[in-house]
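Below: a set of structures, written as structure tokens.
Both of the next two complexes hold subunit A, though its partner changes from subunit B to subunit C.
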Partner chain A sequence: MHMPDGLINAPVSIGAAVIAAGAITVGLKKSKGTLDSQTAPLAGLVAVFIFAFQMMNFPVAAGTSGHLMGGALASILVGPYVAILVMTVVVSLQALVFADGGLSALGLNLLNMGIVSIVVSALLFAGLMKLLPKTRTSIIGVSATVAFISVLASAGAFVFEYSLGGNATYNIASVLISVMSVHVLIGIGEAIITGLTIGAILATRADLVYGARKFLPAQNLVIKASVVQSNV
Partner chain B sequence: MSNKKFFLVGLFVSFLVAGFFSFYASSQPDGLEKATAEQGLDVTVIDSPNAEGVLADYGVAGIENERLSGFLGGAIGVAVVGIAGTGIYFWVRTPKSGDIK
Partner chain C sequence: MIIDSPRVVLATKSEHVHGHGVGDHLYVHKHSIVHDLPAQVKVVAALCFIFIVVLTPVHAVWAFALYLTIIFVVVGLAKLHFPLVLRRMLIEIPFVIFAVLMPFFGSAPRIEVLGISLSEAGLWAAFGILAKGTIGVVTSITLAATTRARDLLQGLEAIRVPAVLIQIATFMLRYSAVVTNDLARMKVARESRGFSATGIKHWKVLAHSAGALFIRSYERGERVHLAMLARGYNGTIIDLYKPKVVRQDWLTALVLPVLAITIMTIAWVTL
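Right, the complex of A and B next:
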């Protein structure tokens, strides 16, 4: 999903960079001092985890691979505002240090893999959890669903940006079909990895999962109480 | 599971994936590369200015052994992202009540 340089023209790339910069500024403002001493370390760890899993390309069809994007995972684990910082760190370092994703395309990549995927994930997660029973199973299922949709949203954002400023000659309908069909498969991978990761963390430290905290309050209290007791 | 143990397990899994398992990752083009090539959109693509960089493509330039090069690239990546991630940690954590505000 990392866009190279030259695919999309300068005006659209600059426009994307401006939107991304605005969203990052909001992320910085809204996330400052929001996580307590228990949950704050997770913010950095999520960045490392997503970076690592983005290296793990899995085959999706003949001659094609995909990898975790992580926007949904970050959004559910640490909340959308901190997630913007997490994805900014990951995607920027990939472009600057590892030449994965172009430099003039950095704004576009931050927008698609970070902001679009996080905003869609956060809204959809909140909406679906309203409708479903507040159980672990729901949280895992919703996480996987949201992850799947987030990949389609990122892919859709790319097609939209290409329709605004694509440098080559193209047929937008056939670009849409080509990009979306392969990302349906990649989205399934995203759903599996996100669901498994959220499931594993819910089983060990449910109190760390931002998206679950509101719905599993009793358990949260039990964990905190046991910590207090052991300190006495 | 304690915070420390959880954190160490997460870091260790990330290190294993980036340093070791990534060697077995698919090297086929990813979805976007594949789709843009299929549609003939890749003709305008230009190399990133740092495409020849020391750590380009998650390997270390000059190291012939792919496994070693990929291991070092992954390990350096985890370290670099870890350092930047620590920055996020200090930014988002609630100041302790004793801290100077």
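Right, the complex of A and C next:
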């Protein structure tokens, strides 16, 4: 959900923008190893993919539909640092080119939908994978769990910002309950779709999944002699 | 026709192009004083304007009326059709509902409006969100409708947005139509096999499409990158056209935030 202008007051919006800028700077520095400026085309196409992924609405219940955020998916697919750059570009262009989300709330939107969900996903993914057996099934399960929690973390960040500088009179408890209950549903959707998507990619191009790269055994090209004798 | 080559990035702007470029989703081609301003000037003016609006106390109703008038004057100067702007404002609807419900739940003191008891603080907060959100969305729509995506990125680069981000954004806009077409082709392929998504049991198929879309996008990225390397790409994109910004452009655009800051100051002083 993209916040409009005026929902959260200016000091909190500016604070969020400063934190977001700091995180983007870290992303730019740390991604130099994995993404030097020469691989910008790749990151650009991942950004398009996340953008298209966010446009996929899925039916939730009673005629309502949710849309995906993609923060956890991006983080698992291309790693947290490149994911921060990708989400920054996606969310900023949504505000500047599609008028979706307020310009003064850009820092807040970057923080909630990009940075918070990516940082939470990356930490949780690394932590859970340490505990679990390094198999394809656990990568898929962990991806789904991480996606679910990342959505709740984004919603939690919104509630926190609202409690600091919300220009509205709903009390914090009722905002917390309503926002969280909606996002539990969205999170379940995000978890299922993220888990299934990671599963689908692991089945065909496991080498493209950043989070799985260190756990899956190297697949060597094996050329086997033909079992069927040709009688030509 | 979509050509799988990076040459669009290197295109010059010597010719005057009519119609829509790549990624110009909300752009409306017109010749106006607003369209002619350089992108970075417009972005800075719009950002300053919005922050000033957000900083204005909600009780100064007249100030918001003036802001709205000013931004609609800009819409007029940009020769945009009002029905188009109004239609695009629908994006705001979820927050309108959020705001409209607020007076019913807010705290005391409560006032009677048409026999319904409403919270006074709730009414003011609702007004604030509606007014600031509406002015914000009209500003964003005006910016998007008068600025080509390509010019926007050049403008952002001129105000020191990191080059890597600009390049990622350039590729995103360049390939958004290509990937959307990929998605549409997959949809046609699914439906020609008798598939229609109706509920949760179909998510698996949708997720497989998403997975396939990622692989196609990533592999396209690899191909594009190799094609660019073969043409001498070394990490920097050479722009043959650099828009010139003269002081007059800044003076013209800054009329907007200067008017706004005057209004805000009066609003705070007279409150």
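Annotations
Definition applied: the second predicted complex is superposed on the first by the 204 of 232 C-alpha atoms of A that agree within 3 Å, B and C clash if a C-alpha of one lies under 4 Å from a C-alpha of the other, contacts with A are read in each partner's own complex, and residues count from 1 in each chain.
We take it that a residue touches a chain if its C-beta (ideal position, glycine included) is under 8 Å from a C-beta of that chain, and two chains touch if they have at least 3 such contacts.
Bear in mind that the values here come from a model prediction, so they are computed numbers and not experimental data.
In this superposed model built on subunit A, subunit B and subunit C take up the same space, so to speak, and clash. Using the contact criterion defined above for the overlaid structures, shared-chain residue A:Leu77 touches subunit C, although it does not reach subunit B. When both complexes are overlaid on chain A, the residue A:Leu123 reaches neither subunit B nor subunit C. Once the two complexes are laid over each other on the shared chain, residue contacts for A:Val182 go to subunit B alone; subunit C is not touched.
Once the two complexes are laid over each other on the shared chain, residue contacts for A:Val18 go to neither subunit B nor subunit C. In the superposed model, A:Gly199 makes contact with subunit C only, not with subunit B. Judged by the touch definition given at the top, the superposed model places A:Leu132 against neither subunit B nor subunit C. When both complexes are overlaid on chain A, the residue A:Tyr162 reaches subunit B alone and has no touch with subunit C.
In the superposed model, A:Ala10 makes contact with subunit C only, not with subunit B.
Within the three-chain overlay, subunit C meets subunit B in a clash at only one of the listed stretches 7-15, 43-51, 61-69 or 133-141, and that stretch is 133-141. Counting contacts as defined above, subunit A residues 1, 4-7, 28, 31, 35-38, 40-49, 51-53, 56, 58-59, 85-86, 89-90, 93, 95-100, 102-103, 167-170, 174, 204-205, 208 meet subunit B in one complex and subunit C in the other.
In the complex of the two chains, the subunit B residues touching subunit A come out as 1, 3, 6-7, 10-11, 13-15, 17-18, 21-22, 25-32, 34-36, 38-51, 53, 55-58, 73-74, 77-78, 80-82, 84-89, 91-96. Those residues of subunit A whose C-beta lies close enough to touch subunit B in the complex are 1-7, 28, 31-38, 40-49, 51-53, 55-60, 63-67, 78, 82, 85-86, 89-90, 93, 95-103, 155, 158, 162, 166-171, 174-175, 178-179, 182-183, 185-186, 204-205, 208. The residues of subunit C lying in touch with subunit A in their complex are 6, 23, 25-26, 43, 46-47, 50-51, 53-55, 58, 88, 91-92, 94-95, 98-99, 102, 105-107, 119, 121-122, 125-126, 128-129, 131-133, 135-137, 139-141, 143-144, 149, 152, 162-165, 167-176, 178-180, 183, 197-200, 203-204, 206-208, 210-215, 217-218, 220-222, 224-225, 228-229, 233-236.
The part of subunit A that touches subunit C in the complex is made up of residues 1, 4-7, 9-10, 13, 24, 28, 31, 35-49, 51-53, 56, 58-59, 77, 85-86, 88-90, 92-93, 95-100, 102-105, 167-170, 174, 189, 192-193, 195-201, 203-205, 208.
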